[in-house]
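Could you have a look at this structure, given as C-alpha cells, before my questions?
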C-alpha cells in the first residue's frame, strides 16, 4: 500500500479532497501546517495564507493516478509538494 | 489646520498605534505570534458584531431608508474593477490574470478598514448611519466576480463558469464566511432590534474597540511581513496602491453625499470604496486565477493601501465629506 | 395567546437566531468554521461562568435551601434512563448497547440548553433561583453511569466495572472537565460570595449572553451537519427525540414545583430534565459502549432534541410552570 | 526501526497511549487531525468529535505486537486506521 | 491579626481559588485541557492590558516621576542573580549551568504574579502607582542576560557572545514577545493617554480581573503537573524556592519604600523582586544553557515560588510595606 | 529522495530551520505536536513547553549531513527524535 502526502496551500484543501474522491480513495487525513519553499515562508497565523498537509493511504495504482493528476492540474499554479512512500496497513481490504 | 488635527487624532488612537506595533514586531523579527485560532476568532467576532449592530440600525431606520444607498454602494463596487482593469493592463502592463486579480481586490472591501473608520468617527463624536455596515456586506462580492471574469479573459471571450476553480471561487465569494456572518448577523440584528441588543451589548459593543486594537496588532504583523515584497511589486503598483484608494474613496464620498448620507455615512462609503480586500478576494482569486501572482495583489492591498487608509485615508475622506456638506 | 408570545419572544432572541444561522451555514456548506480552540474556550467560559454565578447564589441562599431540590434533580436524572431503556428496547427495537447509550444521553443534561433557558427567563424578567446551576452539576453523571451499565447488559447480569473502557468512561463522567469546571467554579463562587463576584463580574456576567449567542452559532453548525443523518435514525427515534423532552421536561417542572421552586426554578429543572447531553455523554458512551452506534444517540440529542428545546421546549416548560403555580 | 502511525477518534488517545506503554514503547508523538473515512467526515471543530494522529518509532517486534493488539482490541469498534513503515533513526538504542 | 486577614482575603479571591482548582485538575488527572491558542491569547491579552494601563499612568504621572524607581527596579533585577549564583553553587552544590539558570529565573520576574498583586491591592482598596508595570517591563531581561553569562562560565572567563544558542536567547530575552508587548503597549498607552483609555476600557479593564482568574486556572494545571517533580529537585531547592522570594521580595519592598513609592507601589516592587520567571527565562535559558536541567529551575519557579507568592507572598510584602510606612 | 522527520522542543524550531538552510535544503514543513519520551510528557497547552515536528524532503546526501549535524550539535542537550525514510517525490528537481 502507498501513503501519499500532499503539502499545499490551505485554500486548496477542498479541491484536493475532491480530486482524491475522483481517483477513488475512500478516506483521508489532514491537518494545518506551516512551512517554507520556493513560494516563500507560509506562516500559520492566518488560515487562508497557511498550508495544509493531506495524507492518504491508497493502492499503488491509485497513488499513481493521484500523483499524475496533481501534477497536471495543480502543480504548475500552486505552492505544493507531494510524495509517496510504502506502508504496510492493518485491514488492507479497507483501502 | 483641520485635516492635520484629524490625522493626528487618528494616528494617536490605540487601533493605529497597535498596528504600528505589529509592523515593528514583524520587521524586528520578534517571536510574537498570534495563534491561528485567535485570528479566526477575532474575525468572527468583528464581523458578527458589526453585522449585528448594523441590523439593529436597519430595524430602527427601516429598509426603505437603506436600500438606495446600499444599491449605490454595490454598483460602485462593481464598477471599480471595470476601470481599474484597463488601467492596470495599459499603464501597469500587467498580464490579464494579474490585472483582473488586482482589480478584484480593489473593488472589493476591507471590513477592518471600515471598522477602524467607525471607531475614528466615534472618537471624534461624529454621528453616522449605523446601518452603513450593510454597504460593507453588499460590496464584498460583486467586484470579486467581475475581477475574476476579467482576469479569466472575459474581454477576449475566454471566460466560462464551468471551470472548477471559478465555481469554487465564486461560490466562496457569494456564500463565503465573511458575507455569511455579516449578512446573517445583520438579519438577526434587524429581527431582534433594540431588545436583543440590550441583552448582548456587553459582548458585541462594550469590548469592541479594544478587540479591534488587538486585531490591528496582528494585522500589523501580517502587513509588516509583506514589507519585504514592496520592492518586488514595482513602482507602478506602489503608486496605484496610494492613488486608487484616494480616487475610489473620493468617488465613494461623493456618491454617498449625493444619495443623501450624512457626513459620517459618506465618510464610511468613501472608506469602503477606497479600501482593498485582503482576505475574501485573495482566497477567491487564488482559486480561480491561480496564474495571477498573489504577491502583486496582496502586497498592494495589505502593505500599501491598508496602512495608507487606516492612517491617512480615513481622516482624508472625512475632510472631503465635511467639505462637500459645507 | 400567552404560549405563542413566549415562543415568539424566545425565537427572536439573538441566541436562537444565531443557532439558526449556524444551521444555515452547515446546510449551505459555507466555509465558515470555528477553530477547535474557540469551541473549547467558549465551553470553558460558559461552564465556569455559570458555575461561579451558581456558587455565589448558593452562598446567598445557604446550602440548606439548595440540597433538597438538588437531590430531587439528581434522582430524576438517574431515573430517566431506567424507563427510557426498556422503552427504547421494546418499542424502538434497539440493541442493548444502543438503548443504553440513548438512555444515558437523555438522562444526562445539556449545559447550553440550560444557559439558553436562563437567558430566556432573564429576557422576560422572570426571576429564578440562581443556584439552579447546582442541579445542572449534579444531573450530568448519574444518568451516564446508569445508561452505560444498562448498555453493557447489567439487566442480563453482564456488566463489570473492570472493563477498561468502562473504567475510563466512568472516571471521565465523574471527574470529566464539565463536572470539574461546574462544581469547581461553584465551590469557588460560594467561597468568594458577592465580594468575589464584584471583581470578576465584567468577565463572567457582562459579556455572558453575547458569548452564548456566539456559541450557539457553532452549535447550529454542528447540529446542521447532523441533519443529513436524520433519515438514517428511523421514525421511532425522531418521535422519541421530541416526545422524550416533553415528557422528561414536564416531569422536571412538576417535581420542581413540588419541592417548592419558583416558576423560574421549576422551568429550569424542566429544561434540564428535558435536555439531552451531547458532549459528556457521547464521549463517555463512545469509550464504554463502542458497539453502540453514535449516529443514533448524537443525531437524536443534537439534531432533534437540542433544537426542539431551545426553540419550543423552553417556553413550553415555562408555561407549564406558570400553569402549575396559578 | 518501524514507524507506526495510528489515526483514530480523539477520545481514544489516552487508551492508545496506555496500550503503547503496555507493549513496551517509551515515547510517542501525537497531534490533532481531521479527515474522512468509512465512518464519515470527522471535522476538527469539536475535539471530542475529531481525530488524533499518533506516531511511534519502535523496534519491528514491538510494532508487530502493537498492530496485533490494535487489531484485536480497538479496530472493530472504533473509527481508526493504522500503518507501519521503515525508518532509519538517529540513536537507535533509544527506542 | 492584620496579616492573617490579608492572607485570608487573598486566599478567598477568585484568582487564587481558580489556581487551586487548576492544581486539583492536574493532580486528579482530569481531562480538562486548555487549548494552546487560549493560553497564548490570555498571555497576549494580560501583557497588553497591563502595559497599556501602565502607559496611560505614565502619561499622567510624567516620565520624570517614573524613571528613578524604574532604574532602581532594573538594578535590583540585575543584582539578584549575582548573589543567587554563588549561593546556589556553594550551598546548593549545583553545576555552573544549573546555578546560572536558576539565578536567571529568580532575577527575572513573573508578570502573572504582578497582575495578581495588583488585583489584591484593588480588592482591598489599596492605591498604588499604576505605572508600576514599567518596573515589570524593565526587570524581565537584565537578570536573564546576567544569569546566562554566569551559567556559561563567565566567572571562569568562558563566556562568549558568539555562541549561536546565546545569541538566539539574548535576542529573545531583549526583543521577546513579553517585553515587546509590555513596552509596546506601554508606549501606546502613554501616547494615547486618558482619551485612548476611554475607548478601549471595555476590553482592557472591564473583564481584566476575570480573565486573570481563568488564566490562573491554567497556571494551576501547569504547576500541578510539576508537583511530581518536587521530589526530584532536592531539599535545598525547596528551601530556596521559599526563602528566595521572601528575601528578594523584602529587598524590593525596602527599595521601593526608599525611592519613595507608596505602600501599594512598594508592595508591587517587592512582588516583582520576589517572583521568578516561568516563561521568558525558561525559554531563553533552555536555548543558551541547554546543559542546565530545566526540571530544577522550572519546578522551583512554577511549583514552589509561584504558588507561594500568590498565596502568602503578596500579603506578606504588603504587610512589610505597611510596616515600613508606619 | 529522503524524508527527514525531526520531533523536538518547540523553542528549537528556529534553530533547526537555520540548520536546514545551512545544509542546503530549500523548504520544510512544520506543525505543533505533543508527546512523551525520555524527557517526560510534553503536553501542548503552552507552546514554549510543547514540541514541534519538522519534516523535510531532501536528497540522500543532504539527509546524511543533516542527521550528522543534528547528532553533533543538538541531540545531547535537547529532547529530540529524528528519523529518515524513503519517499518518491513529484518534481524531484525541486529538492
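Quick notes on this one:
Per-chain numbering from 1; labels A, B, C, D, E and F assigned in written order.
Note that in this section a contact is a pair of C-beta atoms (placed from the backbone, for glycine too) under 8 Å apart; a residue touches a chain by one contact, two chains touch by 3 or more.
The shown structure was predicted, so the numbers you read here are calculated from the model rather than taken from an experiment.
Common neighbours of chain D and chain E under the contact definition above: C, F. The interface holding more C-beta pairs in contact, when E-F is weighed against A-D, is A-D. Placing every chain at the mean of its C-alpha atoms, the farthest one from chain C is found to be F. The chain with its Cα centre farthest from the Cα centre of chain E is A.
At the interface between chain C and chain E, two copies of one sequence, fewer than half of the residue numbers in use are shared by both copies. Annotation: 33 Å between the Cα-based centres of chain C and chain D.
Computed from the mean C-alpha positions, the centre of chain A lies at a distance of 45 Å from the centre of chain E. Centroid to centroid, with C-alpha atoms defining each point, chain A and chain C lie 40 Å apart.
Residue positions of chain F touching 2 or more other chains, listed in rising order: 31-32, 44, 85-86. Multi-chain contact residues of chain C (touching two or more other chains) are listed as 33-38, 40-41, 206-207. Residues 33-36, 39-40, 164-165, 168, 218, 221-222, 225, 279, 282-283, 286-287, 290-291 of chain C are the ones that touch chain D when the two sit in their complex.
The touching residues of chain A, counted against chain B in their complex, run 9, 11-12, 14-15, 18, 32, 41, 43-50, 77-78.
Residue ranges on chain B touching chain E, taken from their complex, read 12-14, 17-18, 21, 24-25, 28-38, 41, 119, 122-123, 205-211, 213-214, 217. The touching residues of chain D, when paired with chain A in their complex, are 5, 7, 31-38, 44, 51, 53, 67, 70-71, 75, 81-86.
By the touch rule above, chain E contacts chain B in their complex via residues 35-38, 40-41, 44-45, 48, 52, 172, 175-177, 180-181, 184-185, 187-188, 191-192, 195-196, 199-204, 206-207.
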